[in-house]
Structure formats: structure tokens, C-alpha cells
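Look for subunit A in each of the two complexes below; its partner is subunit B in the first and subunit C in the second.
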Partner chain A sequence: MSQSYNRGLIEDFGRWREFEAGMWAWIFHKFTGWVLIGYLFTHIAVLSTGIPAAGASEAAIAAGNDVYTQTIVSLEGLLLVRILEVGLLAVAVFHMLNGTRLLLVDLGIGLDAQDKSFYASLILTGAITVASVPTFIAGAF
Partner chain B sequence: MSTQIPKQTEESSETDAETEPASKGDERRAEKRRRAAERREQRQAEEAEKAAADESTVELKVFRYDPQVEGKQEPRFDTFHVPFTKGMTVLDALMYARDTYDSSLTFRHSCRQAVCGSDAMFVNGGQKLACKTQISDLEEPVRVEPLPHAEVTKDLVVDMEHFYDQMEAVEPYFQTNEYPDGELEEQRQDRENREKIKMSTRCIWCGACMSSCNIAAGDNEYLGPAAINKAYRFAMDEREGEDIKQKRLEIIEQEHGVWRCQTQFSCTEVCPKDIPLTDHIQELKREAVKNNLKFW
Partner chain C sequence: MAERYSSFQSGGRMWLLQRVTAVFLLVVLAFHFFLLHFVHHADEVSFLASSARMEQLSYYSLMILFLVTATFHGVNGVYNALVNQGLTGTKRTVIKWTLVAASVVLIAQGIRTANAWAGIGLY
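For the complex of A and B:
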């Protein structure tokens, strides 16, 4: 007992092929949560550059010449931004659906079907994301 | 642990005998022993060769490590070819490998029927009870490792001390302040209550759940699924009475109690006794909230 071998934590994610549904749900929920937090701060930072638009004249706003409109229009002109928006929607939708699933788990409802509800939230996320593509990509090319 | 004591005394008496001045008889016996060992090695090598060539054998890859043997200080995997028989479990295969090829292969086992809980192992990437896992259900080669997130003492044996500490932390025994009137009267439990705690009483302390839990791996103070399940078994037992239940809730609602659970369901997936561990943890969470939420 004097010596023992500690294999550490590395093995955990090296074994992703053997993960069960609940484990994947946990990983995706963490991941999407962090992405949403990251997006939130980027969102605040980018939009705050448009604050001077509040002082712009009515005519400038109507013509779309104010800083805010200019920023949004130039961002939306980038194909990369359009694609990232689709990704953001996917991440947000999954986080919401899985969050609902976790809420039910906390209430003790349907714990036997926890893997099925995870697959359902994945499929629903996929469907909603695919359905959103025309809206987000329209006019980008 | 008690089973090891006679063995140790046996060993020490053996070494005593060896330190005595060697007589001619002793030399002869030593020579005989050496020859027997050589023959055994040769036979084992032949057996292994034959088994490797045979098609109806199972390939086992077994984790080997022993800090006390020079050649085994660096962990490695050894391959064993074990003849398959119908109904063979992972434990059967390991025992065959130990008895036929390498007597130093070390693993815990006792009852061989999923009751004692001593042979939880990491088989093909999942925590399994070796005596309850059919070889025919597994993909080959069968990879057998000691339980993750526990320190390996030797080969497939891990140090369970921490797990037992967590189990004892929840006071896993019946306590009550409400005794029946007559001295010989029984403490009866009604059928519904028994049914409620039925699954939680099945725990065999194998440690598979604790090993599968990511949170327990990162937080050494977390009670872990098995201990919380034990707490559930007694907290939900109506015979214990309200004040004892209160005491139990205080243990499990601490920082490293039920609130560490992030409903990964890993423990529920691996439990060899099919205990709905996450179910029980979640119910205790709700009990803890109800216990602390007071609107008056």
C-alpha cells in the first residue's frame, strides 16, 4: 500500500467513444453554456460601439447613415457572420431544450427516459437549425 | 482485510525457515523447486502458444502494474488467450488466466455471483461487475482495467479506502429515537415504505458508480452516488423518525453533498444492481429544498 499508481484525469475525455447519452448531454450543456456567455459579452462589446447613434439626427437615422445601422449592415454583409449566426441559433436552441430536460430531471419527471429526451433535444435542435438556414443566409451571396 | 492476516503469518514463518543454515536436504529441495518453476514456466508458455493459435479463445488485454516488482513498475497491458466456454464471465476468464498462465495476476473476487461487490472493474471502457459480465456480450479483445479515479495498488486492485470513508460519512446504519413500547416488539415498516426504499437497499458497495462519476473524480470531498444512495435508504425509512431524518438531511445538503450532482446519469448507467441512483439523488435534493424553504 506504500505506493500506488494514479492514472489521473486524462483518461476521461480520451474515452469519448464510450460515453453514454447522459454524459454527452452534460458535455454539450457545459459547452453551449460557455459559448452563450462568450457571445453575450461579444454582443455587448460590439453593440456598445453603436452608442453614438443615439445622438444622431433623425434624418441620418432614417437614411441609415448612423453608426449603429452601419455597424449592423457591415457585419451582416460578411458570410462568416451569417454562418456564425446559424451556429449561435443551434447552440442557443440546444441549451434551451436540454435546459428544459434538466428541469424535468430536477423535478424527478421521466428520469427513465433521460437518454431519449436528450436525443429528442438533439434532433429538434438539428431540425430548427436546418429550417433557419434560408432566413439567415438569404442575400448573403 | 481479516482474511489477509493468516497469510501474512504464513509468509513470515516461511522466511524464518529460509534464514536457517542450509543443509543438504534444503539445497536439494531448493533445486527441486527451481526445476519445478522452470517446468511450470515452460508449460505455461506452451499453453499460451496453443491458446493463441486456437480460434475458440477469447483475447483478454489486462492492465498490469506492481510497484514492488521491478519489471511491472511501468504500467502495461498483458494479453491472455482464454478458451471460451458457454456462459463464461469476465471473472471466469481472469481466473482461468491466473490459474493457467500467470499466478501473479491480481484481482479481488469472492462470491462470484454479484453479491459481495469486490470485482468491479473497467471492462471495455465501462465500469462492470466482472462476475456479472458475459464475455459473449463484449467485443474482442476484452480490455480489463482497474476502476478509474481510484489509485491502483496492484494489477486490477484499487485502493477503496476513500470510497469506504465516504460511505461511512453518511452513517449507513439504522438509527431511531422512537422505540416500540414492548421490549420484544418489532419495528415494523409498512409495505409502501419498504417498496420505496427497495432499490436503494440493493447496494453492494462495489464502487462502480463512484468510479464513473466525473464530479466525484474532480471533487474528492463529494460524497458520491453510493453514499448518497445509502443516505436515501435511511432518510426515506419512516421508522427512523423525524429528528434522525433531519440529521441525515443536514449531512447530505452540505456543500459537497447532493448539490454536487450534475445529473450526468453515469452512475445509474453503470450500477450492476440497477439502482436508480440519479433518481434518489434528485429526490434528496428536493427534500433538502423543502426542508429549508419556509414561508412562515
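For the complex of A and C:
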């Protein structure tokens, strides 16, 4: 027998004060998912502007004077891009950790602790993001 | 009997594919981030080094599979989110095929880019 709980419509975001851990996990998963698919389209669009680099001379490629390398160098020279990359990492790590939690819950593992595993996902995301900041910011100044 | 708490309908092919791609992406996305931010810093990325990686068949095929699975997982996720919001009827059909078309363009552009890096003439 399956049993369902009526907690009301989660899409009704005006009710956010009543949301429980699992509902926040659902909203964060959707939000990070939207960011990631948006980034994938942007990522491929930006990368593909480097296609003409394939036609550059060997000397230009070896010296890093091709359009792709120059685009990367100028983008990575911007502090804003570095900060956005840290944000992207945070979004990706949360989506991956919470996604693992969802896969396990779908398999019936950790159902009773689904709120605790959501909090663990948040804390671990924060820890991994903070620990990665030096690597992501290195050379930006 | 076990109770189901998933927000997705079980038993569907798309439901399973969303999860299979999730497992694959967990590993490959972690690898992608690790390789291009920790092993090599992002500001050290160059056409020369990216090309050298992409010329290896194993790396090239992994990246193409990464592109296809990420596109499917992301776009199917967006579609599921919109259906959860109450998308129905003609709007649903129009959005579904718009998302399919966007996916095809994204995958084609991704393959063109990978080919240029791999030294494959077709781009």
C-alpha cells in the first residue's frame, strides 16, 4: 500500500515560512539545476567562440596567441569571473550531494534521516566551497 | 510494502534515465572540476593543452558522453520542473519540442567544438 502526505502545493512559494527541510531541499535542487543547465548552454557557447583557434599557426598556438587561449586568459583575469566560478562550484557541489541523497532516498536508503542528510549536504557544500576558494582565486590579483 | 516518496513517477523510462545519467554525471562532473581547477588551474588552460587532451580518443569520447548526458539530464530536469509547475496541453507540447530542439543545437555545437580541439576536420 502506498501512502501519501498532503503538505499542500510546494510550488506555492508564498508558503515558504511553513516549508520543512525536505521542501527546502526540493527548492534548492531545482534552483541549482536551473543554474547548471543555464551554465552548460553558456559554457558551450563561450567555448565554441574559440573554434577559429584550430586554424591558427602552430607557432601562435605554442605561444598561446590563439583566440581560445586569449579568451580564457582575459576571462580568468577578471575577479568577477573567479567569484562566479566559486559560486558555480557551490551550486554544482550542492546539486551533486543532494542528488546523491535523492538517489539513496529513491532506493529507500536513509528515508528516516532525509532531513539530517539535507543539512549534511548544506554543511559539506559550504566546507568544500570555502576550502576551494584559495585554488579558485589563485593568480587573480 | 515500501512507500514511495519520490516526486517522479516510478517505472518510466525517463525516470530511470534521469537517475542513470545522474550517477554518471556525479563521477564525470567531479572529474571535470578536479582536472580543470585543481590539477590544472583554470587560468592555465590553453588551446595547446586542451587539444592534447581532446586528441586522445578516451578523453574525447568521455567528453562527448558528458555533453550528451548533461544535456539530457538538465533539459529533462527543466521539463520535469515545468510539468510539476502545472504545464499541460499545447503549451506542454510546444515547450517539449523547443527543449528538444535546444538540446540538439547544444549537442551539435558541443561536438563541433570538441572536433576543432581534437583536430577532426568536421567542424
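Here is the rule we use: the second predicted complex is superposed on the first by the 130 of 141 C-alpha atoms of A that agree within 3 Å, B and C clash if a C-alpha of one lies under 4 Å from a C-alpha of the other, contacts with A are read in each partner's own complex, and residues count from 1 in each chain.
As a convention for this text, a residue touches a chain if its C-beta (ideal position, glycine included) is under 8 Å from a C-beta of that chain, and two chains touch if they have at least 3 such contacts.
All values reported here derive from a predicted model rather than from experimental measurement.
> If we overlay the two complexes on their shared chain A, which of subunit B and subunit C does A:17 touch? Say first, second, both or neither.
first
> Go through the superposed model and pick first if A:100 touches only subunit B, second if only subunit C, both, or neither.
second
> For A:28, decide between first (touching subunit B), second (touching subunit C), both and neither.
So A:28 meets neither subunit B nor subunit C here.
> More residues of subunit A are touched by which chain, subunit B or subunit C?
C
> Where on subunit A do the contacts from subunit B and from subunit C line up?
Correct list for subunit A: 1-3, 11, 26, 102, 105-106, 108, 111, 114.
> What part of subunit A is in contact with subunit C in the complex they form?
Counting only subunit A, the residues touching subunit C are 1-3, 11, 26, 30, 33-34, 36-37, 40-41, 44-45, 47-48, 50-51, 53-54, 56, 61-62, 64, 66, 68-69, 72-73, 76-77, 85, 89, 92, 96, 99-100, 102-103, 105-106, 108, 111, 114, 132, 135-136, 138-140.
> Taking the complex as given, what residues does subunit A use to touch subunit B?
Where subunit A meets subunit B, its residues are 1-7, 9, 11-12, 15, 17-18, 20-23, 25-26, 102, 105-108, 111-112, 114-115.
> Contact residues on subunit C for subunit A in the complex?
Answer in residue numbers: 1-7, 19, 22-23, 25-26, 29-30, 33, 37-38, 41-43, 45-48, 50-51, 67, 70-71, 74-75, 77-78, 81, 84-86, 102, 106, 109-110, 112-113, 116-117, 119, 123.
> Mind listing the subunit B positions that touch subunit A in their complex?
So the residues of subunit B in touch with subunit A come to 65, 67-68, 75, 124-126, 148-149, 151-153, 159, 214, 217-218, 262-266, 268-269, 276, 278-279, 282-283, 285-286.
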